[in-house]
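Next come two complexes built around subunit A: one with subunit B, the other with subunit C.
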Partner chain A sequence: MAGNKPRVGSFSRNFTAASNTISQIPGLKHGPNGTMFLSSGILDLDKILGGGFTLGSLVMVMEDPEAPHHMLLIRNFMSQGLVHNQPLLYASPAKDPRGFLGTLPSPMFSKDEKSRDRDAEQEKGLRIAWQYKKYFEEQNSEFQRDEKSEYCNDFDLRKPLERHFYSGQQIDCIRLEDSADLTTFHDRCSSFLSQTPRNDRNITCPGRIAIQSLGAPQCDFADKECDMLSFVRSLKNTIRSSNAVAVITFPPSLFSPSFSKRLQHLADTLVSVKAIPDEDKELAKLLTGYQDMVGLLSVHKVARINTQVPTILEATTFSMKLQKRRSLILECLNQAPIDGSSGSSYASSGSCTGSSKTGALDF
Partner chain B sequence: MAERICRALRDGALEGEHAPALTIKDSNESPFGSLLFNHVLSQLSSFIVAQKSQSQGIVLVALSRGPLYYEQLFKSKGNNIASSNKWIKVLDCCTDPLGWRSKLMESGRIASLTPGTSTRANLYKNVKDLNKLLLAIVELGKELVEDGKGRFAVAIDSVSEMLRHASISSVAGLLSNLRSHSQVSCLFWLLHSDIHETKAIAALEYISSIQASSDPITRPINGQRANSEKLPFLEQNLRGGKIHIRFKRRNGRVRLMSEEFCIEQSGIKFTPISSEAEMIAQSLVPKVQFNLELSEKERNDRAKVVLPFEHQGNGKTIQIYDGRKSPNEDRAEIQYTSAEKVQTVTDSGRGEIIYFRDSDDEMPDSDEDPDDDLDI
Partner chain C sequence: MDVQVPNLLDDALGGGGRVVLIEDCVETSGAFVLHHFLKRSLSPNSSDAVIFLSFSQPFSHYDRILRKMGCNLVVRRDNKRLLFFDLLMLNSLGREEEKTSEDLLLSLYEKVHKAVEICSSPARNITIIIDDVSLLEVAVNCLSNMVLDFLHYCYSLTAEFGCSLITLNHEDIYSSLDKSSLILQMEYHADVVIKAEPLSTGLATDVHGQLTVIDKGLGGGVCNSGKICNFQFRIKDNQIEYFYPGSRT
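Up next, the complex of A and B:
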């Protein structure tokens, strides 16, 4: 199976001296076709997307009006940026967006609490034929990285982010209500993005923009669909030529279907979250692990910049679970049996990290 | 189930989170929204009077029914009105919502306020300006709670009335500001769903955390029914209905509940629903190609098949068929036809195994000798 590993051809990019500094900037990673990746803050989501959010791309999250899961995605995204000292711009329709910063999760640093341990436990009962042991060597080398400069941290959703991450940081918080027709907001975004321009000579620290609930009903521009569309389009253009990633969540249930479709087409990476009913016996029978699930996440589009080859994912719908109520994990849906486009059939409730690892072992 | 709503409102908001917000929806087919609203209001007020709830008082924004109506409502429920100043404040937006009456009075056209207006209520004259309305609500609420930390509940008699005067974005702004206000414990409002656009209803559902909608018990099939046939349905629908509740829980799951209710002299009575819940699961999970489940009929048929073994395990003597009909056989004969097909003849109670070999599909080639391919 192709899994989520990018295709590596026989050509390799000749990296210039300047790009050697990239390996020293935490939070950036080289991707295929000359792109760079930024972590989303969720380990499993990075793996699903093939490395993370592509620098210069626009990520859109379709909300479900009945569940706050998009907040989980935004929180992890913002926390990851703060941990890596990346400038952040946050906008929300709330009266006090700064208050949201207090709900950001803290990274888990201690090794014995790492979620990776669950993978190690699964392997103990497995006897691997000798010639496959060489594939496991690759995985072990990942653990030896220093935790401080990790590309993607595991976040503990119950612990708030420590104070020292906020100090000395450039964090802009904007109220969406203040901007009646989005022009002032657009200017703020442009000035933020001009601080992280893209050029080959020196790579500055990448920036992050998080816009929560664009088009929420309390904003004045909520019924001005053309204004919102042109804002998103110009933001996308500006982001393409800068070293930043923007994550926008919007509620498609409040928009007309054509507007919602247009927004979906504008996105480079498109993800949607969905609520699940509580104490539903039918679902409990259909899905294993229903008790721990809080929602469903679907990946509709993955950003492909500088290439024409699309990413075809093995599975597009994942269940969101809070492991020990702390960290967010995404797992393939497990139901027996499947048709080709959804879920993994091999009945083990391993996470997607597990499935991409055993890709080498598929017979 | 309806008590769960009242309990959720009673428990109120957790520290640092938005207050729970309930939308009570009704429609022309099942017009019991105001009765449900009264029920929730009286339940909450009894919790408040008994000091069991997080909120210390209610601010009632009366847009469609005047304060006198509510005084009578509380009187009929037995709540003590004399002390009601301590736990309820009514913002009267019904008598003079746009300030026309006071303008007429100033210019001398009408003599005085109509008799019977409650002097306890606070008159509000500018329903179009929702910012001022928000301030008025908060001010009244602060009067109810003496210290700065107490919380109060807000009940809005009809958001449909508000939407007549103001745009959906300003109403949504008002409601979300109330939800995020640190002193508001819970919030509930009434909405008539037929008179608004779907966008407006979707926006209000987006803001609320609990939705209770009143539906008719039975819906007559549209079209060809004569009016006389519709009468029993109408009667039934006017006596009661079903209430469907959607609870947005903190962990992100949605709790769905249904109950039936009937209208009685004293109020509303809730009874659990008799029919089975609908299946929602199928639409969420991707479709599965293989059907591994057996339907009831299939299960019964499977149980009825007599397996072609000698010993059937049910205590009867073993009867081995030896090709001859024995005189004891009264039942239908068991036929063994050709070697390719194994088939048992069905009785009325017996199942059947029908087996078709794949090789039956091949037509034997009469002119080809299959041994011609051998090359030894």
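Up next, the complex of A and C:
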């Protein structure tokens, strides 16, 4: 997002007293058009989305059946909420959703690790021009801040979250298997969301809802597509009028294309994760850093609340890497330098060629 | 910038009593066309009225967007030029699905009919806008036949009262379904179909997509032949720019 600087005019926004308190609530920050942002728990994703997840929006993640990368997104999202003491509702088709809390990552202390200087270990001498964008990021200096007051923490995926973050907290864990139809689940979500209503007078702590694998085969309602649509639609509308963000992951490969498209249209922010095959020689030739990649993340839609202007990203597909096997970073795909000896040129897999029908006057 | 082009979109609504269908997809949202029509109908020069059935966004969303475009929806609502129905929470929860969905649609139609009657007492152009039909389907448990019936009743309103009907639906939901899908029926009944699609070359900051306007020319007047226009657009906060490909400076 280095190139997308908004134009600064001579007018400055006149913040009311109520909104000044927002800056004192950790984990919230102002967004454009009267919206507020919540951190996703992944620093790079926040940057890509322009600040984070918009409060009152519905985020949907399309899973890949071959790899559990959506869990990385859910884990970071939940951990961030717990670190900031935000109420959380977690639902999953697993037998023991509460146990999942023990696998959440712990925030890294910025004092111990310099997590941002990734390139220090890399080639210091020779800097290759086509990767220069990475080096621009280094100029954002890191200043020491208390971990609690940081908007987005860096999470160490190898270290589990300390108990005190999730014991005695307002955390609701729901087994999706238990809800034969979705009405009971929906009622629990509604009562959770009534804790974080939206009004202008006092800003309450924002809430987070994380629903993992909605429509997975273990759930009884998995074949009732219309019920699921009604549920997601009601949840979306309830969330809009409350101070919360919901992240729902679902497996599109198990659904009919029509149903999957309806869910995609319902989402405010839509993201998909894809697995990267191991030892793919073609991809290895095409991309740099292929060996470190665990998956690909594509951003299909970014929430447009209170505005009609679409967010055009510089790139829509990012590689997911585990830096030092600890923290999740998202990087733009970089095409490897074309080998002079081989004659043909490779299409960059980071390009965004859509496969829509050609218009009548297409050049 | 081509000055003719915006008139293409406006000419589509020209005579009143037209049915317009807006189609979009996940990659490119067609909601901005609704905002354009909303602003046009509520312009200060005329006394036209708009009946807005919203299934997807609350009033505050449209209010903020239209305010940046120079149209104050709150004032229009107070002046009874805009009748906004917030139908976000409309759904038929209940065991006897068919009965309650039917009642739901019937009561909704009655509300719309009454609203049209109220608005037509000082004679003026009335526009009914539905955003969007796929969510209306979800609200009635995906019984698309009932949605079709409801739309037929709305079409009859256009004939009876001379009002226009503008609906938005998502074309990619139905593209994998069998032939007699809801979108095909809606396309058949519409006088004008406006399709918002992404560029086949992908994303661009200056061009947000392309619009194809198919005017069937069924107005019965001078122009009986259909017209197809294709142009590109760029969406900004305060306006939408339309231009032919390559003609932007």
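Going forward, the second predicted complex is superposed on the first by the 290 of 363 C-alpha atoms of A that agree within 3 Å, B and C clash if a C-alpha of one lies under 4 Å from a C-alpha of the other, contacts with A are read in each partner's own complex, and residues count from 1 in each chain.
Here is the rule we go by: a residue touches a chain if its C-beta (ideal position, glycine included) is under 8 Å from a C-beta of that chain, and two chains touch if they have at least 3 such contacts.
Please read all numbers here as calculations on a predicted model, not as lab measurements.
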{"item": "Touching partner for A:265 - first (subunit B), second (subunit C), both, neither", "value": "second"}
{"item": "Partner chain in contact with A:241 - subunit B first, subunit C second, else both or neither", "value": "second"}
{"item": "Subunit B versus subunit C as contact partner of A:326, first or second or both or neither", "value": "neither"}
{"item": "Contacts of A:68 with subunit B and subunit C, given as first, second, both or neither", "value": "first"}
{"item": "Partner chain in contact with A:253 - subunit B first, subunit C second, else both or neither", "value": "first"}
{"item": "Subunit B versus subunit C as contact partner of A:295, first or second or both or neither", "value": "first"}
{"item": "Subunit B and subunit C contact sites that coincide on subunit A, given as residue numbers", "value": "256"}
{"item": "Touch list for subunit B against partner subunit A, complex", "value": "16, 168-169, 172-173, 176-177, 180, 199, 202-207, 246-249, 251-256, 279-282, 284-290, 292"}
{"item": "Residues of subunit C touching subunit A in the complex", "value": "25-29, 31-32, 35, 58, 60-61, 64-65, 68, 88-89, 91, 93, 134-135, 138-139, 141-142, 170, 172-174, 176-177, 197-205, 208, 210, 212, 228, 230, 235-237, 240, 244-246"}
{"item": "Residues of subunit A touching subunit B in the complex", "value": "65-69, 93-96, 102-103, 177, 216-220, 222-223, 251, 253-254, 256, 274-280, 282-283, 286-287, 294-296, 317, 320, 322, 333, 335-339, 341-343"}
{"item": "In the complex, subunit A residues that touch subunit C", "value": "33-34, 183, 225-226, 229-230, 233-234, 237, 240-241, 256-258, 261-262, 264-265, 270, 300-301, 304-310, 312-313, 316, 351-363"}
